[in-house]
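Written out below as structure tokens is the structure these notes cover.
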Amino acid sequence: MKRYIIIGNGVAAAGCIEGIRSVDAEGSITVISAENHPVYCRPLISYYLEQKTDLKRMQYRADSFYADHHVNLVCGRSAAEIRAEEKEIVLDNGDSFSYDALCCCTGSSPFVPPMTGLDTVENKFSFMTIDDTLALEQVITPDSRVLIIGAGLIGLKCAEGLHGRVKSITVCDLAPRVLSSILDDKCAAMMQKHLEANGISFLLGTSAKEFSGNHAVMQNGAEVDFDVLVLAVGVRANTALVKNAGGAGGRGIAVSDACETSLPDIYAAGDCTEYHDISSDTVKVMALMPNAYMQGHTAGVNMAGGSAVFDNAIPMNSIGFFGLHCHTAGSQPEGCEMYEEADEQHIKRLFIKDDRLTGFMLIGQMHRTGIYTALIRSQTPLSSVDFARLKIEPQLAAMGRAYRDKVLKGAV
Amino acid sequence: MKRIYVREEWCLGCHLCEYNCAFANSGMTDMVKALRGKTIYPRIQVETDENGVTYAVSCRHCKDPVCVKSCIAGAISQKDGVIEINHDKCVGCLTCVLVCPYGAVVEDGSGVAQKCELCMKNACGAPACVKGCPNGAIVYEERGERE
Amino acid sequence: MNFYPEFEVVRSDSRCIRCRVCERQCANEVHWYDADGKVMLSDESKCVNCQRCVTLCPTRALKIVKSDCRLRENANYSDQTIKEIYRQAETGGVLLSSMGNPNPLPVYWDRILINASQVTNPPIDPLREPMETRVSLGKKPDHITRNPDGSIDTKLPPQLTLSMPVMFSAMSYGSISYNAHASLARAASALGIYYNTGEGGLHEDFYQYGKNTIVQVASGRFGVHKDYLEAGAAIEIKMGQGAKPGIGGHLPGTKAVGDVSKTRMIPEGSDAISPAPHHDIYSIEDLRQLVYSLKEATEYRLPVIVKVAAVHNIAAIASGIARSGADIIAIDGFRGGTGAAPTRIRDNVGIPIELALAAVDKRLRDEGIRNNVSIICGGSVRSAADVVKAIALGADACYIATAACLAMGCHLCRSCHTGKCNWGIATQRPDLVKRLNPDIGSQRLINLMDAWRHEIKELMGGMGINSIEALRGNRLMLRGVGLTEKELQILGISHAGE
């Protein structure tokens, strides 16, 4: 009977459990969870604040998930060390577990740059976990003035979640635009305008230089008084366990398409990894949910002796604020062409290079965008489809007769 | 499992399937009340190709469903082959719309994702698009599984 | 000259959900959506009242009604008569019509009632007793002949065997669509009956249904070649058609497209105009030559049908045909349908099938040649009751076409000649042709025939007759109501109460 250990209890871990069980019904699975919550998906915390969900509904899987999959769940503990030679892990309390196959799903942690006087701020929070959220919820009042450092996905979702529950929300970011990791200037401007119309204030191109109590001074000299501070500058992959054990990696743990690390029988999946983005042909950390599950599942299958690869990863994001949605995927490589449609309500930007769709940014019109995503992932030559029609509207009709017959006339 | 398949040689492009779908999933008993004066958000889409051939596209209930794997809320599941969305859990992030390669998951007009669930959860009991197609262009049948 | 439209589109705005199905489904382009007013509008002048929109409207928001805007009432010059004069004054053209004569002339079927057994000759319950509806069409021997060893010579002239005494009559590929032909062929095949190619040849896809196909040879000889003749189970020589006695068929060039022109063996887009006469037939002797030419060409394997329109002299004509070597006579009454005919001919030429049939059956019996031929009766056989009455008047079997078209979806708008049949039947426009899915069309034809067969059996059982052959010419089973002495005499039946 094989012994599987999964460090971490996020979505990648859930994928890993389901992957293992799709192959091996017998082996023992032990999950080491630092958080005292059953698996949930981190992005849901903003929806919790927004009261679109609750702790119960946030659970990624049913109550019986661990029992159904015969998982030994160790909560409130984290792994301190991987002894790759001995094929065992040691927990923070000294307990050790042996494994035949190990998957590291340690995720990422908030990154807080050094800021003078930060220790003088009483109400400061990260926005990564349920516990962060519950703590934040405890202190906010309808009179709270909230300052959020970071206008990325996390910071802005936090802003949306807090909207209506606090008096004011100001978001600052060193980058000159919002959502700088996924949007270009024009798209970001549309999103920012929409967020501003909903009462979010921005200080862009600058960030907090120093704090003293509830007072922040920005690098550009602006001053902000606040009651609650949210630190959402960014995240860093939790790579230490694997790296300390001798595993390779850069900003994330290096994994192959099969989700193997450089160490034997040690796999890694999710936000802690760096892996191949086929849209840009580069290796990067792509801390995003669909990929985390797919990596976890891939790792699980391979750990249990099956054979799986996740070899068409691309960055992609579906995010919306106050009813205005945005889909992005892939990348905008140097020298790519752009197809654009834009009006007051929506923007569509498709990026094309070497007869392939490499990426897109869509705001306000989400209908059937998965067809574009699939075009990127499959690296379909655009000369083999009717791209003139496709770019106007995503449709199977423009994908060619053979593809349509395959997809619509039989099981896929 | 039984799936919905289109026989495009018989599709008239009348779009009745879209309206029957919207009605079946409206939870109402009168089509006029359900649909009049409203924009419909059907779970089946009629497409027209470059030769004017029409056909309807709805969820393929894939063997390896990327929507299930991508749902951040764990709201999409596959049971006995049928992929369905737990609307109680869905938070409307639309990641499923972003990943479905067939464009079969769509927004429902209120910001929440929806897709064909073979009318198993509504009062129709059997796919309304199939029942209502005037020319037998949409069928619900067993055609074997992908290896 | 503009008239107020014949029909009005009545749309219940409170029911209309703007799905625009009516707009997409109307080949006449009556309906359209006005995006500014967010409302469906209609141009009623184009409406032919085919009811396609009414049928497909998911909320029953539509109905088509006859306009009550009429010219001043005049029992002599009706609204229609006057407008036809206006139209002809404008165009100088011959008026065209489709389908059967719609005018209120007597329908004798409806004045004939069927007998049932009571007490002395008990009825038969078709659910419990065997009931034979099978018929054989063809020449029957006058007497039994024996082989030298004393055994009976069982060799018969070629016969058509039908599971029930109904067949689908001639409608050409061209006048109706590929899918209509496919529906008819598949249904005939499944039912064990026959359909008829009409004068349009046989599409190569349908050779597989040859066992259930009657191939027609008409005055234009369109589509006729050796393989064609040999493909069918019988050959029909079309001398005339009930809807247009005295003239030949006419397929407008707009319908002679693609496979239609190929199957007819004529250039694409050319009008297929069949001559009024067969130019090689001016006498019964000439007809006999053609009958035997066709028999010779097919090695005497196939029965030959001669189809004529019911006209004044029908009894004498039939007598001649029965002596021509033909195996079967098909008589087509004046209500028979057509894909296109001059209105005046359709509505004024020919005689009712009931009278023609009775006259022919009597004449052939009187002359002792009834067994020379079988008789098929067509020209508005609308129900199982009509079939039973026809058999009792002397028919061996009936031809139906209008009823078959109705089963396939036709709504009798009588606009076949426009080529824009919204039901995919009388059209060659590919987008319209596909509206008739032969899976559905053939099944509906099969359903109709199944229903009729059940009804025929029930009517037979009621009369105490368990074999359809025993009903043939059994006019004692019929009584007339509201008919004159003369009519009763021609029909050869007594008045009810007699």
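Note that the chains take the letters A, B and C in the order they are written out, and that residue 1 is the start of every chain.
As a convention for this text, a residue touches a chain if its C-beta (ideal position, glycine included) is under 8 Å from a C-beta of that chain, and two chains touch if they have at least 3 such contacts.
Keep in mind that what you see is a predicted model, and the values were worked out from it rather than measured.
Novice: What shortest step count links chain A and chain C in the network of chain contacts?
Specialist: 2
Novice: Where the centre of all protein Cα atoms falls, which chain's Cα centre is nearest to that point?
Specialist: Of the chains present, the most centrally placed is B.
Novice: Report which interface contains more C-beta contacts, comparing A-B against B-C.
Specialist: Here the pair linked by more C-beta pairs in contact is A-B.
Novice: Using mean C-alpha positions as chain centres, tell me how far chain A is from chain C in Å, no decimals.
Specialist: 70
Novice: Please report how many Å separate the Cα centroid of chain A from that of chain B, as a whole number.
Specialist: 28
Novice: Could you give the separation in Å between the centres of chain B and chain C, each centre being the mean of its C-alpha atoms?
Specialist: Distance between chain centres: 43 Å.
Novice: Chain B touches which residues of chain C in the complex?
Specialist: 14-17, 19-21, 24-25, 55-56, 58-59, 61, 431, 434-437, 439-440
Novice: Going by the contact rule set out above, which residues of chain A touch chain B in the complex?
Specialist: Those in contact with chain B are residues 11, 14-15, 41, 43-44, 47, 52-53, 57-61, 289-290, 293-294, 297, 316-320, 323, 325, 327, 329, 366-371, 373-374, 377, 386, 389, 394-398, 401, 404, 407-412.
Novice: Along chain B, where are the residues that touch chain A in the complex?
Specialist: These residues of chain B touch chain A: 3, 5-6, 8, 45, 47-50, 55, 57, 60, 62-63, 66, 69-70, 72-74, 88-89, 91-107, 111, 143-146.
Novice: What does chain B use to touch chain C in their complex?
Specialist: My answer: residues 9-16, 18-20, 23, 31-32, 35-37, 52, 132, 134-137.
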